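One chain, subunit A, appears in both complexes that follow, with subunit B as partner in the first and subunit C in the second.
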Partner chain A sequence: MSFDVVGFDFLEGLTHFLKVFGGILAAALVVSLIIAFLKYGPRGFGLFFKTIWQAIVDFVHTSPRRVWAITMLTWKESSRKKALFVFVVFALLIMFAGWFLRSSVDRADLQLKVYVKFVLTAISWLTLPVVLLLSCWGLPTDIKNRSLHTVVTKPTRRHEVVLGRFFGFSLVGTVVLLVMGVIGYFWTVGQMPAEAKSELVGRVPVYGDMTYSNREGNRPQDASEETSGVNVGDIWEFRSYIEGGTKSRTFYDFDNLDVSEIREAGEFRIEYNFEAFRTHKGDIDKRLACQMTIVNKTNGLRVPLPIFEVHEFSNRAADKTIILGGVDDDGNRIDTVTYNEEATNELKTVNLYDEVLEGGDITIEVQCLDPGQFLGMARPDLFIRMPDRSFASTYFKAVFGIWLQMVLIIVIGVTASCFVKGPVATLLTFGILVVGTGFSELMQGLAAGQTEGGGPFESAYRMFMHLNPTTGFDEGPLKSVITLVDQIAIGFLWTVQHLFPRFEYYNMIPFVANGFDVPWRASLLPSIAVTLAFVIPCLILGYFSLQLREMEAK
Partner chain B sequence: MNRISSQQRKLVYLIAMGLLLAPIVYFGAPGDGSDDSGGQLSQLRSEYDLGETSLGNVDPASATMNLVLLGLRGIASNMLWGQAVEQKDQKDWAGLRATVDSIVLLQPHFKQVWEFQGWNLAYNVSAEWDGVADRYEWVKEGAKFMIKGSDRNQKYPELSWETGRILGQKIGRADEKKYFREYFLDDPNREGGGPDPDVNPDGKDNYLAAKDWFVRANEVEDQPGISQSRLARVLFRSYPVRSQIDYADTFQSEGKFDEIERIREAWEVASTELRNDWGSERFMTPAGAIVLEANDEILEAIVKEEGERFSLAEKREWVNRRQNMSNYRYWRLRCQVESEEKTINAHRNLFLGKRALIDRGDVVEAERLLTEGMVAMEEILSEWPELEQEDNFREECLKAVVLWRGAKQAQGKEVPVDFPLKNLWGSYPVEAAEYTELFRTLYGG
Partner chain C sequence: MNQPENVIEIRNLSKVYRDFWGRKKVQALKSLSLEVRKGEIFGLLGPNGSGKTTTMKLLLGLLFPTGGDVSIFGEPASNVEKNERIGYLPEESYLYRFLNAEETLDFYGRLFNMPANVRKKRCDELIQQVGIQHARKRQLKEYSKGMTRRIGLAQALINDPDLVLLDEPTSGLDPIGTRDMKDMILKLRDQGKTVVMCSHLLADVQDVCDRIAILYGGELKVIGRVEELLKSKEQEQILTSTLSDEALNEVKAVLKKHNADFISADRPTSTLEDLFLKTVQISQAQPGKRFVAEGDDKGESPLDEEKTAEQPTAENKASN
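So, the complex of A and B:
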């Protein structure tokens, strides 16, 4: 499995958040003001500002002691509800998982995927439903049992109740997750066969920008210009192919490599994961032959590396890693690279760090040497492998990802339970979870107006007129009106889609399963940002909901 | 309202439980494996072969999974099937293998799951890999999967048959057969080499290992109440002997003539099994039972046995039909001819002659060996003229003539007007021209 890693721009995300949050807040304030005026007449203005002022005072006077008290209360309640019984299910799964998994794959190098996926998926599937139910039923049960009355009649502010619930359920979830995570870690490490233990690492990749040249060797001058290789008819269009025995190449551009870190590590590792496609049988007992050339963009040095055979689909890093530098048989550092110069075939030796990697800007050219055969690759298929992190660090980052997801569910669940009853809150939170996990792409497509057939009004018009979505729509006043109305509707959809968190960020299992470190910018940072982005608005919403809710109504 | 005390109520509950337990024990008591042991349900299960144990080996994981899922295993299997297809498209092989294992945990007695996914692994997934050793690994995965299926489902002859097909035909006839057959005896993916005990526990040739599975398929199919839906029965039952023939034939075509005795023995075994096993087996036809290795005496005995419900002429007619259907006479003749020492020697001379010409360019030696081989083939043809109709035999003879002519021309010699196999050469001018052209394309001249 491969996955494209795209960095997350925090500043852009923050700006986006402020826009959405600001927009919704402004709209909510305006609507509240109108309602206050309609309900209480001119007196409503006063009440409105008084409520806002009261909220500011409440938030400023937040008492950590009271929040802690509610947190502990929540912990006790959850323990009484036998939430920790989830451990029993987990223990059963772990005890018998060997039955289901051990014989799955005989190849030791493929077993990491199976074990990691099982453990982390089991942890998510066990913890998330438990915290979802706990958080959605906590407050409604308190209201029903009237135990909340004893709390709110004390000098406890409403947002402290909400915050205490957030923290309390998070504490329960954290304990559950921590225990399961630690057991799962030792179980995974213990289950891995001895010959595959070396795969238990967190590789740190540095990806480059990828371009192709055609069979005549023409490469786009502008790096931003999109290029692609040959489509060989694979159902999965992830990889593009270059033709062997021609001037077709793939270029991976790396800028600002940290040469000092590579020098300190004592070796320069290039890891690749190419796929072979044969148009004829060729020499069937030989794999496709390939070659890489490192080109230094600062000094123009070209270093062709030895020819290698492609070990496609192998999970053994040793099968698909080219190592320059390292140490010789006597343990001495090798800082040089020896190669045959392309034009003269003369044997040359250059310094790896001072010449080949000088300036940190390099291009790696890849070519297939077998005529008539094709070599497939995508952007994440070649990367510079920086010093590895430990398996424990990457594993627990993935557990942290599950924790962030859990906190988000708690926040949404508690907030929902502030204004609706338990079953409705459960459905609402579950709905948000489902839509955010499986339909975020569809929502984005709708909100971006990219779907064929236009927005809701244009679609309705097309249905009524029996117009195919691909059929052109005549220009004219009708089109202008429909487009305008659609834009308003799409604007509304654009706002609504942001109410559903993108849960895809939290899925860090593929990184761990494939032996990669969980990247900060592509996965951890957006996960933290999404969770934080929901905490503040949900706290405010929860506060006002409890403030305005009639506690006597069961 | 309620006049009985709590203690009395509990007592009533206890008595009710005891009463209810009696029919449960009567109906549901587990058996000890024998037919008339256990409760009523256990006996019925045993009578109708519905118990897990009567279907094959029980996998505790599978039974647990099905219990846990209650009635949702169909939905779960469908979802997993979709996932398996996606994983195959996205080349997530480890995931695919694990998903396939999960599917069979849910549907351990659904024959098509085993057949489809076993084939998928051995044929489709293996073809995706570039390295021959990797491809072999997946062929083996497919075979192991089928073996597991056969163990779990001892009443499906098709699964044993499919296992035999993977071991025999996939390993023995793929483009990579040269490597696969070697790997079957000395596995490159195994530490220390040697055969993989999961697929080849006895370290046999792949065709002989396949033969064992075909024999097992026939044994299963022999059991009362069991039938197969793969092939016409007369063909299905032929596979053990066909595998033996493949073994002998491949051994010969690979040029292992230093073990002539082994080749002869292999053909002799094939000949004996063909006549005594497959040929003597009774097959039902609209004219009652017949045997393929039939003469009037045998058929008359069957007619009498069946109370003369069918005439001898009807029997003869159906024997002829079934022999045509299964090519029986050809296989019988082939086994008979090939087990003769002179045929083996003729094959050896033609093989060595070809190698001398193509590999070493020794035209003189090639001409000598090819001439000897052609003379022997002509003698064989005169003894068994029906062999002329057999494609492989004819092809071997005509190609030998092409090579022989090539060896002559390379020495600057004229091709004589009269030469061995001249009649055959003249009778099939189109094929002769085709092989001559192929020789020119491959080797020039």
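So, the complex of A and C:
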């Protein structure tokens, strides 16, 4: 997983949701109206609007007591049908896991990774299948056993059944997750070797926007212009390189840093993880020399930091950290920075918080000083480390991520079970989970219509005619027709891809395992947004599925 | 005389079951029209597949009519609010088998938004009424069929309904359970409630129903008051104490004189249900007592015994 975290724009997401949801809803209403008209003639219009009105009335008259009754029924059903047996499996796992995990790695940071990955993955893999099966089989079993007859012949509205089931399974899952999460936390903390305890933190990185200069050291005039460094031949283009001994630089721009928080922490930490690429052996005993310069965008102050060496193969955090401020040997705070001013070549001392970081808008310039060598960087390779959060906070955020995923699976499972039988509902929900987890990027690519060889119909034509996907397509009526049909198909694909939630947001385990705090805007917020975005349409779909189906059609 | 208020009105109701592709599979009901009046016990009769249960489910909104209208208390069958005044006992008691009797009644009480204290009181009353006090904490999966019917009836009455729909209420019950069920149905009528029951156990229907409708092939064939439908218009029945052969011959002569045909003279038999209930009563009072009647006309029958035994207790009934 890359930690190139990008903040989620909630407003943009909401607009997108409204566009998609509104579009699908409008299409569904139009299709329903046409079907009603074809089936019942002019009377169909009346029936259509009556059904819509009834739905509104039903939702307005939702009875929390009835919903709660069905919630508790679901809880009792799950617990008495031994769903909580999953605790035994979890207990067995963690009873013996320590034997195997303890000696698996020797490095402290990797110890954390192994334990956290094991615990959170075990919790996730035990909880999610259980709730998937429960939610997909609950209602179909009720319908098959006709227990639901005794419920819907009471003043129970159909959506109350859907809501009750949804809340009930969520309650079961929440209890399971909470118990496992708490046990898992104490087990992880308890099992971690003493030398690895320091790794139990939630680092809070602040990433900047990255720009490469040209060889003369100039930034592009247009700030939005995409820049890159030198490609040294790596197939993986994650990092781009700057040439040493030239004016080439990389700029990391940070805006709105919380200076008061940094001041309170008493130190300003820059962490980096650069890669060296050597074109000649150079001095065999020396590592690549580099330098960072902090430029304050408010007061224009330029503070070159001491030259540092790139320890690209080191595992020590200290080899990849620059700390300004902190405390001296006597324990006194150091609030100043002394540097060699470029213009006057004199040593100068400035206040770290009031001058270097004034206003919170800074740029960190990185330069490689060794001629002929190259320094590789990517956006996530340098970040400012804000005061750490506790391990418990980041760990339980990841548990919360599993919970959100679980809720989403439940809502999809319950909705599917409103219109298909248990096995089909299970396959459908599992299919959505698999596609949403592993194929969302592929679907986005297809739906964007940027694939080589054209859209589905053009691709099919090319295959049939043995045409190379890279060759041009003759202009003419055929091309116009195929392009038009492709546009419609791509529009359809664009809509369909939104029916699959992006489960990748929910995977917060790598953050915890690598000692990072789970970021709110890049991970938690989109996860909450995705879950909410599916809950409402699913409830509406579930309501109409139950409302419009006969409970016992022969 | 005022016309009694109609609780249920069915007009030209038809129902066609279709397959997945919309092709007609079977026509379960054909233009059924009938009314059920307030405060009566109405029986829906018919052989298997005649449309009794379909009618019941259409009344409850579990199925949608293909044609025609159904109204209950003046409201369409699809209206959820009408269920506030309805109690329904399904053909099989499709209850949640992992709940015990108390939890079952509490759950259904919650669906009626009943406050906790009212639910508690009503649960206790109903458990007492249907005679399952001894098993109130047992999960329903451990219940016998008779006990399941009893708790099924209790859940149907949890809201003290004005209209009770009973689908095969005596199905699977032993004679004591059947008698209790019939007593409870009659009691409901006495309380002013309307009862609609469908059954193919004709004797049970005859015992309790005021009016009946007989369906065949989805069509209404007979409807009316039970006594009117069963009354013979061409025969008279006279019950006397036992007659000697001589007296019987004289009666025959008198009948002949009045141009009436003598058809038969026989000692009336009681019902098997009465015999069974009497046997249980005596067995409780006099364990070990046995009756034998093997055709020599000197045999004994429990029906000849004085009513010395007490009525069977509810606990004994339930466990039988």
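Keep in mind that, in the parts below, the second predicted complex is superposed on the first by the 520 of 554 C-alpha atoms of A that agree within 3 Å, B and C clash if a C-alpha of one lies under 4 Å from a C-alpha of the other, contacts with A are read in each partner's own complex, and residues count from 1 in each chain.
Keep in mind that, in the parts below, a residue touches a chain if its C-beta (ideal position, glycine included) is under 8 Å from a C-beta of that chain, and two chains touch if they have at least 3 such contacts.
Quantities reported herein were computed from a predicted structural model and do not represent experimental measurements.
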By the touch definition at the top of the document, which applies to A:80: first (subunit B), second (subunit C), both, or neither? second
Which partner chains sit in contact with A:211 here, subunit B, subunit C, both or neither? Use first/second/both/neither. neither
After superposition on the shared chain, which partner residues are touched by A:69: those of subunit B (first), subunit C (second), both, or neither? second
Examine A:367 and indicate which partner it touches, taking first as subunit B and second as subunit C; both and neither are also allowed. neither
Tell me the contact category for A:250 with respect to subunit B and subunit C: first, second, both or neither. neither
Let me check the overlay on chain A: which residues of subunit A are in contact with subunit B and also with subunit C? none
If we count contacts the way the header does, which residues on subunit C are in touch with subunit A in the complex? 17-18, 25-26, 28, 57, 60-64, 80-81, 83-84, 86, 88, 90, 92, 94-96, 98-99, 103, 107-108, 110-113, 139, 155, 159
Subunit C partner, complex, touching residues on subunit A are 58, 63, 65-66, 68-69, 72-73, 76-77, 80-81, 145-147, 149-157, 550-554
Sort out for me which residues of subunit A touch subunit B in the complex. 1, 96, 99-101, 103-107, 110-111, 113-114, 117, 235-236, 238, 275-276, 278, 281, 284-285, 287-288, 310-313, 315
Which positions of subunit B touch subunit A when the two form their complex? 60-61, 64-65, 89-95, 97-98, 101-102, 105, 128-132, 134, 137, 141, 144, 175-176, 179, 189
